[in-house]
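Naming follows writing order (A, B, C and D), and every chain is counted from residue 1.
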Amino acid sequence: MSLAEFLSGINQLLGTGIPMALFSILSAVIVLLLFAMPVGGFCTYLERKVAADFQERIGPNRVGPIGLLQFFADGIKMFLKEDSISKNADRWIYNFAPSLVMAGSFGAFAAVPFSAYIIGADLDIGVFYAMALGSLVSLGVLLGAWSSDNKWSLIGGMRGAAQIVSYEIPLGLSVLSIITVCGSMSLHQLVAQQAWPTPGGEGHFWNVFHNPFLFVNFFIYFTAALAECNRTPFDLPEAESELVSGFNTEFSGMRFGLYALSEFADVILFACIATAIFLGGWHVPFFNLQSLDIGLSVGELDLNPLVQSVLMIGVFLFKVSVLVFVVMWLRWTLPRLRVDQLMNLCWKYLIPISFFNLIGAAVWTWAFGGRSLLQLLGQVLGVS
Amino acid sequence: MLGFGGLKLRSRCLLGFNFFQRHRVVTLETYGRNSGMLQEFGNALSFVLLAAILPPLILFIGKFFRPSFPHEGKLTTYECGELPEGSAYVMFNNRFYLVAIVFLVFDVEVALLFPVLLLFREAIDIGGNTAAQVFALAFAFLGVLFIGLVYEWKTGDIDWVRDAEDRRKHLETLEKAPQ
Amino acid sequence: MAGLATYLPAYLIFALLLFSFGLIAALARRSAIGIFMGVELMLNGAALNFVAFQALRKGVIANDSWLHGHIFSLFIIVLAAIEAAVALAIVLRVFGSRQTIDADRADQLRG
Amino acid sequence: MAVSDLFVAFCFLLGGAAAFFTAFHPNILYAAISLIGSLVAVAGLYGALGADFLAAAQLIIYVGGILIVILFAVMMSEDIYKRRFFEGAKKYFLPALAAAITFAGLVKITLSADWSGATKPDFEPTSRAMGWALVGPYALVFQYVVVVLLSGLIGAVIIARPALKMKKIDEDLERLGED
């Protein structure tokens, strides 16, 4: 059930005849403008705070109570800075590239299942749709770098495109192993199957612990996702020390802000998708949130699903923030890889390992009829 | 209908009653039999369009607030302060092309495997030898392309810059060679 | 305009349009990549034709429940990808030896 | 006027204009960029026709794979980029004439047929049905395609190998190899 349907429920309640299409645009506005962009901006502040904490300094604390409004100040500053486009840059493509990158990274938020009742678009091809939009980002990076007519940005753009492109394969293979185990592509069902295994229920707990092959594939997915967002240790395309600022050397003012924002949205997007397909979305161990019944009701509407939904969103966002924290943590601990190490890691290590994990996951599902390690233990001990 | 895969969840509206179910069937009947999926496409499309419109919108609105003093120095591309000579559209390392070729073939492989492996779980529940057939087909597909990867590996095509061992051998021979 | 989305000839005419622009690009373009882009457009037109018939003419193609039209266009897309890989390899070699991929100038058969 | 009619009309316009520029634009790079427009329009039409898996596969393989390869090739041969030439109306005349004749003839034939029996697309999820088709009647074709994939991969790499030589190190090795 998608957010637009939920909103149209309100329309049904109030009896206004607003067409359904407006609600899908409203749901898009809500998820993108009220969740993705502010949280993306706030993460830039968080990143600087985390980095400061690692280096035992204080980090931004001037703007707002403890620097909380820092990202707001950054946004305004970038908005007001001059956007000088160099004279022999290719103006058309120069303006077209950021919208490709933005469409790629923000468009995929439609597939992210925040709770059982709230999902941007409950597509039957959810995970495949997110991968499809991921490939738009590599195109946008390549075009943005090419059109800004700068040697550094061109080399950075080529490296960025080659890196994003080649790390899409281990990403696809690890998602394939999830699909072999769970038998469905829509994120809503993938998460629904990861509930805590009750005797009658369908759940087989989190996919990470489903079988050892998926456990390893989670880390391959995480590494490939890091490379997709150009985060350390794979931030070769914008390697400050070598390429000035890689493919966004020529971008100034708000254009650079948009690229940085869509890069951070990519990090949050991959954290959301990793949580949804590996760490069991909104499911909590030992308890199934959907069976929670408080019986709170206003008039004849029972607010049970509302309370459940708020709890689910809370659990989901907690897991996402843990993953985003790990991404930030890696940024200040791991050194940067060379180009040949980067490519060797992908082609000689990640792809073969995810090949064998895929075969292993298929054999495991076949042998145990899709039951997870936890369910098998439960049967062995006769508990669950 | 879907065996295991079709886990039908009671999709209740958040406010606990089910009015809008009927509403959904009535208005969208005109287009497709059950165009719930079309409604989901509409949601996904509105996400993508909103995200695609955002950058030009923000940049256009910003145009009124942004200072604009085009100065000769500012408009040339950034080259650590020196004057840029030659255009940036220059040739570069041709290893990128090999990555593009091999990526294309493996990306197609991943995309083709999605529908087949989607059925694996359902084939197990159907029982009999359907699971064996699906497994054999999918992993024959995978195995043949793994041969391609091994071939690339052995002929050293995917080594980005001749692997370390070659280079070490190369440096040794350079030192021994009479200057 | 109403009901355009389920009006089959609209998709067929658009597929024809793509095909004819692809034909023009393939015949008139001088650079090898331009010719390749023309071929891509033609393939897209054909694939769209298959999908339109599969979706809008249930009786004729899909007498049984298999999605023949969709499978055909999936294989068209896959084979276009392989063709692109080989095309890039050839363009690399031609550019390596003649410093141009101008189809007119690269017509001698000498090595 | 359902929203989907509007969307389909928009896709027709976007796809047609983009295809026009791909054929006629003097500069190859802009032709490649406009190819993106027509591919995304065709992906949108697949969505409007209910083929959801195909729309995503088209985006992944065409826009994420083939166009990256085309852009790499265009960036390599950058001399064409600088020479902004229009290939001359003379060169475009014959192909345009031939294409216009075929287009007009075929459009007349399509419109002369009666399309009364058309049905509405039923928006069932197609990826599972395509999986069963790939495993069922098209199993042989599925394996045949993987052989074509492998041969394409190895062939492309063999063809491209001389062009991918790393000039510096290989010359040293060969030079030192002889004496």
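Some observations on this one:
Assume a residue touches a chain if its C-beta (ideal position, glycine included) is under 8 Å from a C-beta of that chain, and two chains touch if they have at least 3 such contacts.
Just so it is clear, the model here is predicted, and its values are computed rather than measured.
Each chain gets a centre from its C-alpha atoms; the one nearest the centre of all protein C-alpha atoms is B. Note on interfaces A-D and A-B: more C-beta pairs are in contact across A-B.
Rounded to a whole number, the gap between the C-alpha centres of chain A and chain D is 28 angstrom. Computed centre separation for the pair chain A/chain B is 13 angstrom, with centres defined by C-alpha atoms.
Put simply, the C-alpha centre of chain A and that of chain C have 33 angstrom between them. Chain geometry summary: the mean Cα position of chain C and that of chain D are 6 Å apart. Touching of two or more other chains is recorded for residues 2-4, 7, 48, 50, 52-53, 57, 60-61, 64-66, 68-69, 72-73, 75-76, 120-122, 125, 127, 130, 132, 134, 145, 149, 152-153, 156-157, 160, 163-164 of chain D.
Residue positions 19, 21, 123-124, 128-129, 133, 158, 161, 165, 168, 185 of chain A each touch two or more of the other chains. The set of chain C residues touching two or more other chains comprises 5-6, 74, 78, 81-82, 84-85, 88-89, 92.
This structure has the following touching chain pairs: A-B, A-D, B-C, B-D, C-D. Within the complex formed with chain A, the chain B residues making contact are 4-5, 7, 9, 11-17, 19-20, 23-24, 27-28, 37, 39-56, 58-59, 62, 65-70, 74-80, 84, 87-90, 92-93, 95-96, 99-100, 102-103, 106-107, 110-111, 113-114, 117-122, 124-125, 131, 135, 138-139, 142, 146, 149, 152-153, 158-161, 163.
On the side of chain D, the complex with chain B involves touching residues 2-4, 7, 44, 47-48, 50, 52-53, 57, 60-61, 64-66, 68-69, 72-73, 75-76, 78, 81-82, 120-125, 127-128, 130-132, 134-135, 139, 142-143, 145-147, 149-150, 152-154, 156-157, 160-161, 163-164, 166, 169, 172-173, 176, 179.
Of all residues in chain D, those touching chain A in their complex are 3, 29-30, 33, 36, 52-53, 55-57, 59-60, 63-65, 67-68, 71, 75, 125, 127. Remark: chain B residues 2, 5, 30-38, 41-42, 45, 87, 89-91, 94-98, 100-105, 107-109, 111-112, 114-119, 122-123, 130, 133-134, 137, 140-141, 144-145, 147-148, 151-152, 155, 157, 161-162, 166-167, 170, 173-174, 177 touch chain D in the complex. Residues of chain D that touch chain C in their complex: 1-2, 4-5, 7-9, 12, 15-16, 19-20, 22-24, 28, 31-32, 35, 38-39, 42, 45-46, 48-51, 53-54, 57-58, 61-62, 65-66, 69-70, 72-74, 76-77, 79-80, 87, 91-92, 94-96, 98-100, 102-103, 106-107, 110-111, 113, 115, 117-122, 126, 129-130, 132-134, 136-138, 141, 145, 148-149, 152-153, 155-157, 159-160, 162-164.
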